[in-house]
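Following are the structures in question.
Consider the two complexes below, in which chain A is the common component and chain B and chain C are the respective partners.
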Partner chain A sequence: MNLNIDRNDNGDTQELKLAGEIDAYTAPQLKEALLPLTKAEGTMVVVDLEGVNYMDSTGLGVFISALKSTKEYNSDLRLVALQDRVRRLFDITGLDSIINIDSTVRGGK
Partner chain B sequence: MEPYKFDVNNYRNLLKKYISSQDEKSLYQAEQFSKLSMQHNISPEEIINVHIQALKELYPDLPTEIDSSMNFLLETMISYGLAYQEFQSLREKQGELESEISIAANMQQTLLSTTKPDIKGMDIGAISVPSHQMNGDYYHFVTDESNNLGIAIADVIGKGIPAALAMSMIKYSLDSFPETMRNPSVILENLNRVVERNVDTSMFITMFYGLFNHETGSLQFSSAGHEPGFYYCAAKDQFHEITTKGLVLGVSDQATYEELEITMEPDDMVVLLTDGVTECRIGERFIETEEVLEVIRQYMHLPAQEAVESVYRHFERLQDFQLRDDFTLIFLKK
Partner chain C sequence: MESFDFIEMKVPARAEYVGVVRLSTSGIANRMGFSYEEIEDLKVAISEALSNATEHAYKTEDDGEVTIGFGVYQDRLEVMVADRGGSFDLQKIKKDIGPYENNQSIEDLREGGFGLFLIEALMDKVEIKNDYGVIVLMTKYLHENEVDINDDQISTTQ
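On to the complex of A and B.
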């Protein structure tokens, strides 16, 4: 299974639209796309996870790295449109308390 | 076929035969010749050299242009020869690394091994199956003088060798905590600080820690973002998810951990697991929690160790079953 990453450059807001699976094989690809975006001061990085039907803990590791990087470079990270299975991972691990997750977007199945 | 001899005569005869007949058999022999040459570490340019000599013997009046072009080809092939030598030495190195990894995996087993204690009034079963050579899952039992039981189950994220090394750090921290500090929430807070200071940014650890008091039958527990376990209440014949709020270890040094307590009655059981169990796949489909509980229910009447092994074997036997992550399952039966 693959991961497709589409980038939308809106100046101060950088959007990554993901589709597919985030696991040990695709996580490096996500890390490569996501981490550099968090290194520009004042940038809001929005990651749209609507098309992601599976993510394992390696994927969480990438988002933790990205979050730490936003603290260091004074940028922002927001995750939107999580499917239930993916959302559950953030809930169990307590990461929902430290990562900005937009729950107004539908949960989807 | 004739035994292999890498000499000009042999090659010349083969070449001559082919030039005159252009038959498949000679081509096949040429293929054998090159395979055997590789086995004898003969470089591509040596073969070309032999080709040039054979050609000259067969055609003493070889036009100088062809002669020169062959020398040109010889020079061109030298880099290929070097690359081939490099490939050979990498292959040897890979073999060495593989054997070192298997030594490391054995060492991990020894370093992290934990003995399942004999606790009065508690039947314990535990199984941990790595999906790769090194296991990123870990469980650990400690008992104190009053026969209370501490249970840790953990999953290091960030797989492979770095994960295994982090595991050893956790184990030695757990062993070094004084007995007065055995409260699950306090243990996790301390471990969190150890991990946060020492671990790479994309690596983190989930852990469930429980403390069972064998006199009162109480189980105090805290979770650092670990996959929720289950409490089976025999009186109601029901499973309840057991989890508490708490961030995974190694992300923020400010994290605090909620602690809850349940009292286990006779025939009650606590099930602890890692996400390797709940994220099993059958073909393209994930196993649902209800299915996991059904399978557990099917085997939980057995002695605890036999029961966890039967549950694993049950999943393993399913068609198209793939173990994508390390699989660890613990039963605590009262």
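On to the complex of A and C.
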């Protein structure tokens, strides 16, 4: 019931690799790790969700905050390798139309 | 009267217990024969209700408890999540729920607005009472059983 966050610093591309569960308890940790990365202009922030087997609206909230921040600081956000269950939440809520989501790494849809 | 098993849990209204209730939900739903997909839906819906409850308690600085009741019926699971902490403006919240629409600007997007929407999307029936604290009552039907009942009806007509 925890979330592991690994950060890969590749200069203009910052990658966060997540594993575990994103819920009311772990979402603040994710927000703390993710938001500062979006505040550097021109940065591409890639969040790898392959290891995330549970997420709810608290996670959606963090990604919405991050997206808003990228608009403000002129950076980019991309979510990759989502499991089907996690991807489904973005589809149901319509957020897949504004957040850059790439499930193909996992051979998704 | 329809018979059912009842399971009640009380947890502190804190975020770290949301996962504990989620695990219990998963166990009960699995026991009842819900599919993997349905169990995942239940886990999200109940976590959403619980996250809401813990958030209210936090806002009012009330280190209260949340009560979760599971009604295990032959054909459905009823889950009640009740917090006695501060109540919220239900009309306002109802107005704010819904999926993202393409004409909304990103700046206007609500960061916390999807919880109730997801509960309604993932459960078959949802009732919210806001008289004394907040009570969310959610129902999910075992669809396999509905098919079984129909099968029986077909065989008895012959």
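Everything below uses one rule, namely that the second predicted complex is superposed on the first by the 106 of 109 C-alpha atoms of A that agree within 3 Å, B and C clash if a C-alpha of one lies under 4 Å from a C-alpha of the other, contacts with A are read in each partner's own complex, and residues count from 1 in each chain.
One rule holds in what follows: a residue touches a chain if its C-beta (ideal position, glycine included) is under 8 Å from a C-beta of that chain, and two chains touch if they have at least 3 such contacts.
This structure is a prediction, so every number in the text was calculated from the model and none was measured.
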Let's test your reading of the overlay: on chain A, do chain B and chain C clash or fit side by side? clash
In the overlay, answer first, second, both or neither for which of chain B and chain C A:Glu21 touches. second
Please indicate which partner A:Asn4 is in contact with in the superposed arrangement: first for chain B, second for chain C, both, or neither. neither
State whether A:Asp56 touches chain B only (first), chain C only (second), both chains, or neither. both
Comparison of chain B and chain C by chain A residues contacted: C
Quick one: classify A:Ser97 as touching chain B (first), chain C (second), both or neither. both
When the two structures are overlaid on chain A, which partner does A:Lys71 contact: first (chain B), second (chain C), both, or neither? second
Have a look at 62-70, 80-88, 116-124 or 224-232 and say which bit of chain B overlaps chain C after the superposition. 224-232
Following superposition on chain A, which residues of chain A contact chain B and also contact chain C? 23-24, 56-58, 60-62, 64-65, 68, 85, 92-95, 97-98
Can you tell me which positions in chain A touch chain C when the two form their complex? 1, 21, 23-25, 54, 56-58, 60-62, 64-65, 67-68, 71, 85, 89, 92-95, 97-98
The answer for chain A against chain B in the complex is residues 23-24, 31, 56-58, 60-62, 64-65, 68-69, 85, 92-95, 97-98
Complex contacts: residues of chain C adjacent to chain A: 15-16, 18-20, 22-23, 40, 43-44, 47-48, 50-51, 54-55, 99-102, 106-107, 109-112, 114-115, 117-118, 121
Inside the complex, what are the residues of chain B that reach chain A? 155, 157-159, 201-204, 206, 224-228, 243, 245-248, 251-252, 255, 275, 279, 286, 324-325
